[in-house]
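Common to both upcoming complexes is subunit A, partnered first by subunit B, then by subunit C.
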Partner chain A sequence: MMPDTETLPGDSAVPNVAVDPRLLEILVCPVTKTTLTYDRAANELVSKAAGLAFPIRDGIPIMLPEEARHLDGV
Partner chain B sequence: MTEALTPAERKPHPRAALDADSVRAAYARWAGVYDAVFGGVSAWGRRAAVAAVNALPGRQVLEVGVGTGLALPHYAAGKRVTGIDLSGEMLARARARATGAATVEALLEMDAEATSFPDNSFDIAVAMFVASVVPHPRRLMEELRRVVRPGGDILFVNHFAAEKGPRWWAERAMAPASRALGWHPDFRLEALLPPEDVASADLRPMPPVGLFTLVRLRN
Partner chain C sequence: MSAPSQIFDRAAVRRHRDRAAASVASVADILADTAERLLDRLDDTTRRFTSALDIGGRGITAPLLRARGIATVACDLSAPMLALSGGPAVVADEEWLPFGPGSFDLVVANLSLHWVNDLPGALIQIRRALRPDGLLLASLPAFGTLAELRGALTEAEAMLSEGASPRISPFPDLRDLAGLLQRAGFALPVADVEDIRILYADPMHLLRDLRAAGEANAVQLRDRRTPPRALFPAALAGLPEQDGRAPATLKLAIMTGWAPAPSQPQPLKPGSATHSLAEALAKPD
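Right, the complex of A and B next:
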């Protein structure tokens, strides 16, 4: 009934390949291989175990530890 | 296109220095011209690999090093393809190419040696022109064994160094561009696969002149 994809920040100018919400659910942390949670407001995939938040830029999840935001002390 | 490279960039990469950062930097520089420069020479291998994937029964496909998405339009309608690449610049082009392609499930920026997929996520993994670029080919192989289900298939298309024969001229001609992209003209199958896998792998030389080989392994 509603559009089946969410519009993500930064997507307005670019046609988006839908990131399947089910895929976001099954992705695991590349460091710890533990589950991730999707922070909708920040548009990040959060690994509590690794203390990292992986960004989604232009609809593409960036699952690289060196690109992730460290959660410690913020 | 050589004039776009500085003298430092033209120097061969020492193998030990070929870390993920340098690979990413190389592909960021090359993203704009990659298709024009390498699309042609690699097209046979790419088409052969996708045809091999399409001939396999599995539905969930992982394309490692999806790059600019040159292979994406060629997958059979029944496949669901997840593409990963280390280079955001290359992925941006893949996304433009994949827009509207029903076979493309997702494009994700990942390190192929340490992905974000649970075990047994895919029926098939295919890596085209990737094996000789990653810093640790054996780790790539282990990771693909982990994310592909038991009984699934793992395919590579790559250049593997000729033991002997007439390929030397093609390899020499390719060498300067190969180095710019982190390819190694001297990359051997044994660097990717442990001995038992070398023995069991199905190897098919691809045109032109067998420069690339299609490797298939049962997981």
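Right, the complex of A and C next:
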């Protein structure tokens, strides 16, 4: 079971453009080349192996290691 | 494995591309010309392609591929640049490609791989993202590109100051490129070069065009101080002239390589010949 990610009150003001489902099929972690999980609530692509979460902005996944959020406890 | 040397400042490359997203339309004809030359190579093969990756196409390559009926994903270091490409897009670094094995049957990189530090590494990652018998088509400026400007700048800077700093990128030699493809595991690697000469009535426009295309200097060792005010006028005045106009040469290297597949022509095993070469040569006509 994925932990629920809370939606911050201000978030709904910014409309999230959905990421193209074809991209989800081919994208892998740029660092480890392992599969990613799509966290719909946080709008992030999560690489458990690298401990990184890649943001999606305006429907465009930002797959740069330097832009990724470091996951806690990794 | 040691990290490849950092010749280029990738953060600067990204900044230049972000900034150029607003101006790249002014050099669209040059980019479209080189993209067309690249995609012409698709007509040389009977192979049909269905899914392509456009690397750094600046809003030019992806629409041309889609016009050929090929579903295309665009990637670039710069999100604003990607906004020009329409359709699915990913911000990605050529040195850290985020695509799974066999994601595409065609990868097209039009004038975009020359700011990559680890070109062999990028090519290996591209090959892995291709399906067997998938094709890489890449164009990049080869050695000799902007030779006139490089010469004029070096001369002017040596005259105005104590030395010269790198203001034009180092470009790969054509001979190195086919070897690079082979080292990266591509089959049937080919690299050739076409000369494109652009004449500028006002050489200042050459600098403007380079900047508009996101091609401002990103060499790591560049002199980061503001250049002496007289440098560019002196250099531009030193450019060779042709009918009162300043020529700029683009040595456009075109690289093609295929992801290996069993269906491709294979070299025979050594020692598998059935006829002796010596015998054949010894036969009198």
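Basically, the second predicted complex is superposed on the first by the 53 of 74 C-alpha atoms of A that agree within 3 Å, B and C clash if a C-alpha of one lies under 4 Å from a C-alpha of the other, contacts with A are read in each partner's own complex, and residues count from 1 in each chain.
We adopt the following convention: contacts are C-beta pairs under 8 Å (C-beta built on N, C-alpha and C of every residue); 3 or more make two chains touch, one makes a residue touch a chain.
Being a predicted model, the structure only gives us computed values, none of them experimental.
**Student:** Output check: A:Val31 vs subunit B and subunit C. Expected answer is one of first, second, both, neither. What do you get?
**Tutor:** Touch status of A:Val31: both partners.
**Student:** Look at A:Leu23 in the shared chain and tell me whether it touches subunit B only, subunit C only, both, or neither; answer first, second, both or neither.
**Tutor:** In the superposed model, A:Leu23 contacts both subunit B and subunit C.
**Student:** Does the superposition put A:Gly51 against subunit B (first), subunit C (second), both, or neither?
**Tutor:** Once the two structures are laid over each other on A, A:Gly51 reaches no partner at all.
**Student:** Would you sort A:Met63 into first (subunit B), second (subunit C), both or neither based on which partner it touches?
**Tutor:** In the superposed model, A:Met63 contacts both subunit B and subunit C.
**Student:** Output the subunit A positions appearing in both contact lists, the one against subunit B and the one against subunit C.
**Tutor:** Dual-contact residues (subunit A): 20, 23, 26-31, 33, 54, 57-64, 67.
**Student:** Show me the residue ranges of subunit B that touch subunit A in the complex, using the header's touch definition.
**Tutor:** 82, 86, 88, 91-92, 95-96, 98-99, 104-111, 114-118, 121
**Student:** What residues of subunit A sit close enough to touch subunit B in their complex?
**Tutor:** The touching residues are 14-17, 19-20, 23, 26-31, 33, 36, 54, 57-64, 67.
**Student:** Can you list the subunit C residues touching subunit A in their complex?
**Tutor:** 71, 73, 77, 79, 82-83, 87-93, 96-100, 103-104
**Student:** Can you list the residues on subunit A that touch subunit C in the complex?
**Tutor:** My answer: residues 20, 22-23, 26-31, 33, 35, 54, 57-65, 67.
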